[in-house]
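Structures follow.
What follows is chain A paired twice: with chain B in the first complex and chain C in the second.
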Partner chain A sequence: MPSTTEHLVSPKKQQASEQQPNMEALDINVDFNNEKNVLCEKIIRDINAVFLKDADLSSFEIIQKETNCNKSPVVHVEHNLGLESWCAQHVYDHAHRTLISHRRQSLQQQMRTLQQQQQSDALAKYLNVALLINPDVTTFWHIRRQLVQKNRLSINKELQFSALVLSIKPKSNEAFAYRRWLYSFQSADAIDWPNEISICERSADRCACNYHAWSHRQWVLQNAPCLLQSELMRTEKFIRKHISDYSSYHYRQVVLSRAYELCFYMPSSGQTDDQTQLDDLRELFAHYDLRWSELSDEEAMVQLLLPDLNRSSISAQRLRSFLYCCNIAAHDMRLCVEQRALYGPRDCFELHRRASLKFIVEQCVRLMTGLANGVYLPQASATQSLEFQSQLRKFDYASHPFLSAVRRVESELGDKHQRWCNLHLHFGYEERRV
Partner chain B sequence: MVKLFALSVFYKGESEARLLKTTSDLQSFSFFQRGTVNEFMSFASKTIVERTPQALRQSIKQDTYMCHVYVRADNLAGVLIADHEYPQRVAHTLVTKILDDFTAKVSADQWPNGTEVSIAFDSLPIFLARYQDPKEADPLTKMQNDLDETKIILKNTIEAVLERGEKLDDMVVKSEKLSMQSKAFYKTAKKTNSCCSFT
Partner chain C sequence: MDFTTFVKPNGNGSELDNGAGGDASSQELQFWKHVAYIENHGKQEDDYEYCMTEFLRMSGIYWGVTALDIMGQLDRLERKYIIEFVKRCQCPTTGGFAPCEGHDPHMLYTLSAVQILCTYDALDEIDCEAVVRFIVGLQQPDGSFFGDKWGEVDTRFSFCAVATLSLLKRMEQTIDVEKAVKFVMSCCNQTDGGFGSKPGAESHAGLIFCCVGFLSMTHRLHLLDVDKLGWWLCERQLPSGGLNGRPEKLPDVCYSWWVLSSLTIMGRLHWISSEKLQQFILSCQDTETGGFSDRTGNMPDIFHTHFGIGGLSLLGHARLKPINPTLCMPQHVIDRLGLQPQILERP
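Coming up: the complex of A and B.
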């Protein structure tokens, strides 16, 4: 594979390229005398034909085949495009050479190429092939951007192309970045966000710990808060299946704190819902030996979680969102324990349970102590975060009925867990020294 | 990823194992790989059944896949190919359950000469879809508490199942069930020591 770190070629070859005679023909010079080049040109033309013919191309891949069987190496079945491996390197070399020779031209000449329909089409043809075989070349993505800016490539087609690149390389940061760049030309209302989520999900499913896919998804969530409810559902489904992919657990934690930040809760539709909606929280109370039969209504739960709360300083919505989000965290804590029973101990279960516990404890403390100065949302800056840490350190857990029960029961989970609680929640367990 | 890929029922004859019924879910593989993967899964299943003694359970790990096999005393055998994260206990309970169902629906005299077409047993795809979530198996596992997990033999590669003197590479080359493309795939996959990194 050729080097993946192409750098933008500066126009230092200006004089040399200006001497080239065939200005009216293609700037992209192809030596048709060479048999190999002719073959590569043909393959690239075949691939381009598939692109033109099939508007719903969904995947690209390289098919392992070591020898040329005298058939076209371009396979197109049910919206899937395949290229046989024996020719991939030659085709890539050819496309790469052509594109680099384009970049070596003077800036004016490059611009001329981009502006003329025929030549920019030819350029796009090489770009398609080169990027599908090797999606890591920033220079090539850059030429695509130039073509989009000159209106030579349509945004919708480009979204489709980058999705195709993600089908062969689900971890392609370039492709995700390109999508974000394309969306900057569209208004947020016009964007098909659910489709974007499913692209992220597909990429994360194909490649575990896919940082680029999950951070792209965070970007989507940031721009489309309307997805919160479906994201809460989808992420649970995902973590149930991908039990050791912590990236997905982390994303769920992000969704949860975003939900709380935006004061999200599910409006209860009927009387039955009201009862079952906070069931996980009730069960959590039972787990902490708190008599849950007395805690059947919301009011009693608020009393337990936030005793002596000054109701006038907090909106009803904030309170509902608080209960709703804590309920989800409680649900996740139980889920982690159940998963552990089924699959055996795994770091992900342990870590996610801790993160959920931390969410509940921190939100309680934040509401109890932060209300006075109006800071009860997750901290935005580092200083706020430090400030909260010091508040957590000073917090008197013993005076709080729910948190003191949490502190008592959690201590049974072993030394390691105790140390974690001390470090992150300042539970102040006594350290046992050996 | 917790996932089931393939389920198959074999009859273990004297010279070779006979495939009676099989089903697979290969959606998670890329389109052009599916044919090859399918061939390899049947190849591995057959090979393993032939090398598992009667009345024995084995779980064989190969890369990130796990092949759970149970050959009953009456030579009926079940193979389940799953991801290595799929709980082993559930996998074996499921194989037992499938073989029980199979015995109830297909009489034993059909086994030695049966083919995929002649055997009427259509529940495999239903099992495969339903047990993608191992929680589904909860009541099942409770029912069959007699499954003794300590009796399942664990092997770390397919090579470990082969008999003395046998080599997987040779078997792949000789196999008539594998296409040229699959053999080429095996060669490259072995070179790169991974099954999904091309180019």
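Coming up: the complex of A and C.
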């Protein structure tokens, strides 16, 4: 066991061989006398050949195979690339050494390498392999960024490569961050946003509670609000299928907030009128023991939710969006109850039902207290949210027919739920001492 | 991670281990085995893990150094070699620190490097002004921080920035603290009082630690909704006693740190069952090799070992020195530096 610091920080051996044939056109010393290195070079070349041959490579995986069977460990089947596990660590080690040697050259020398096509191609070949095996190495992604800046790698190819990395590591924040960086060179209307959503969804589907995939999806939504409607549909499908993936419920809450913020609603399709469109809200009223007959039309619903509202202060569009978004929240509340009946109690059902309830109650209070302007998003500034909290604390629920019904019926859901309602909605239930 | 090179010759403390096996011992801290585990970490030079984790080596050293100091065993590592290594990782152009030579400087490793040097009382070994310039240069007009020049934003980097500057005692008159606070608060979710990595991102215990720690260092804890956030954090405790980092996830030893330190800073440590959590953390020890894993029965690693020891220290374990909840460093180091991150009193 060596007891100096040298192997901790710099593998000295990689610098040992000075006079080697420059076979790979990269001014880095690779020891070709070493059998293992020759083998690694060959495997990396084989992988590169697949990259060159197949422009539609869509997935990469490490195939579990412990021994070398004397045939190429690189498998290429129908746009899928595989590498047998026995060689992965050797190949990574080799690519890693080569790349780090490049980084330890002088800055001028590094620049020369980046600028020359042949050398940068060679660099890219090692980067591909290294990042497919170990996608967490930020520095390697940075070298790709440098190559993009020098026009040595194309943006489209890089989008494809990062998608390939996501096929093996759906949680790779480096890959998502790289995609955002690449898109910064393109104009928003030239970007295929639905495809970006598909990549997020595939990553989220393969890896539960995939934080980075859902954050990236929020970034997409921020840039492409035209996706609101389809996102409302897709997220419902997703939460029905992945019942315990809270990240997807949270994202749906964000979509709803964003829809409300942007005054979004779906225009009614003529013959159905508002009757079926706001059905979930009607059912919610029924759940809270509020009489049906008065609620036949939209106007009556507004009257119930926002009695004595000063209409001149609120646009028709805002009101329609309010009804539309509350209807979605009501829909989700019922969905959570149904799912609970089907699958048994789960945190997700409880948390998402509460978030939906909170949405309805808070938006009612906001509009009633005239605090609506600019405070639609949950991420209001600290002062705005403090101001809203004090309004909520002061709000007279008893005088509000809908909210007093909500408060009455929700109290039936137990002590803990009551405490939650007191904390978040200031319902003022009497707390029992535990 | 490789600590072999930092270990002094004859440094073998395992003879003091009582050596008891079986269920009873798993509930006792395997003190000397953990010391040996950290000392021996990454011993095989051509260890694949060693090569795969090179990109976070600086943080790995910080985890090992901190855990050993908390155990009162820091002198098992060779101070001189570690400081030399850290010095070699400072980027002469930007002033930031890379995780290892050949890699790029980044906010994350800059904090780890400064934490290591503070623990060794060796800040005078590096160019601190260059570090300050690196961090100041990464603040954005909205108050957020990039992790490096390539522009990724995350509340983790806000934490790293103020933690590093606090340790260097340069937080005033360098960055725009007001704006930095505003950005962090814009990442607070009104639905649960928690924080995510960016505005709108899901609440996450690790990022809550970063934001609560950030507010502790900038003395802005009054901005927290302690009751809502405390509720969410308490819900992280599962029947096993362990804590998860988000709803419906499995418990994990590293969250014992992130949740626990946040509750400690908020003066609400008593809101969870310390006893059950301690049992869970101790059940994640590897009683053969030493070290802690994420969950009972898994393979140990240096990251979870650090957070396991840190969590036990916060819970007041008798054999461990106190740890500072905000900076995740030995309290005696924070005292020596004269730093006083804000902590709320238990009501």
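Rule of thumb we're sticking to: the second predicted complex is superposed on the first by the 398 of 434 C-alpha atoms of A that agree within 3 Å, B and C clash if a C-alpha of one lies under 4 Å from a C-alpha of the other, contacts with A are read in each partner's own complex, and residues count from 1 in each chain.
We take it that contacts are C-beta pairs under 8 Å (C-beta built on N, C-alpha and C of every residue); 3 or more make two chains touch, one makes a residue touch a chain.
On a predicted model such as this, the values are computed, not experimentally measured, just so you know.
Using the contact criterion defined above for the overlaid structures, shared-chain residue A:417 touches neither chain B nor chain C, since it reaches no partner. When the shared chain is aligned, no partner comes close enough to touch A:42: not chain B, not chain C. Residue contacts after overlaying the shared chain place A:343 against chain B, while chain C stays out of touching range. A count of residues in chain A touched by chain B and by chain C gives the higher number to C.
Within the superposed three-chain model, A:318 lies out of touch with both chain B and chain C [touch as defined at top]. Of the two partner chains placed by the overlay, neither chain B nor chain C lies in contact with A:171. Residue contacts after overlaying the shared chain place A:76 against neither chain B nor chain C.
In the superposition on chain A, A:244 makes contact with both chain B and chain C. Looking at the shared chain after the overlay, A:63 reaches chain B, while chain C stays out of its contact range.
When the two structures are aligned on the shared chain, A:205 is found in touch with chain B, with no touch to chain C.
Looking at chain A, you'll find residues 1, 134, 244-245 touch chain B in one structure and chain C in the other. Note for the complex: chain B touches chain A at residues 1-3, 28, 30-33, 36, 85, 87, 133-135, 181, 184-185, 187-188, 198-199.
For chain A in complex with chain C, the residues that touch the partner chain are 1-5, 7-10, 89, 92-93, 96, 100-101, 103-104, 134, 136-139, 142, 145, 177, 180-181, 184, 209, 211, 214-215, 218, 244-247, 250-251, 253-254, 346-348, 351, 355, 358, 377-382, 385, 420, 423-424.
By the touch criterion stated above, chain C contacts chain A in their complex at residues 2, 4-6, 9, 43, 45-46, 48, 51-52, 54-57, 81, 84-85, 88, 98, 100-104, 106, 148, 150-152, 182, 185-191, 196-204, 223, 227-228, 231, 235, 246-249.
Against chain B, the residues of chain A that register as touching in their complex are 1, 59, 61-66, 75, 77-78, 80, 82, 85, 88, 133-134, 167-168, 205-206, 208, 240-245, 342-343.
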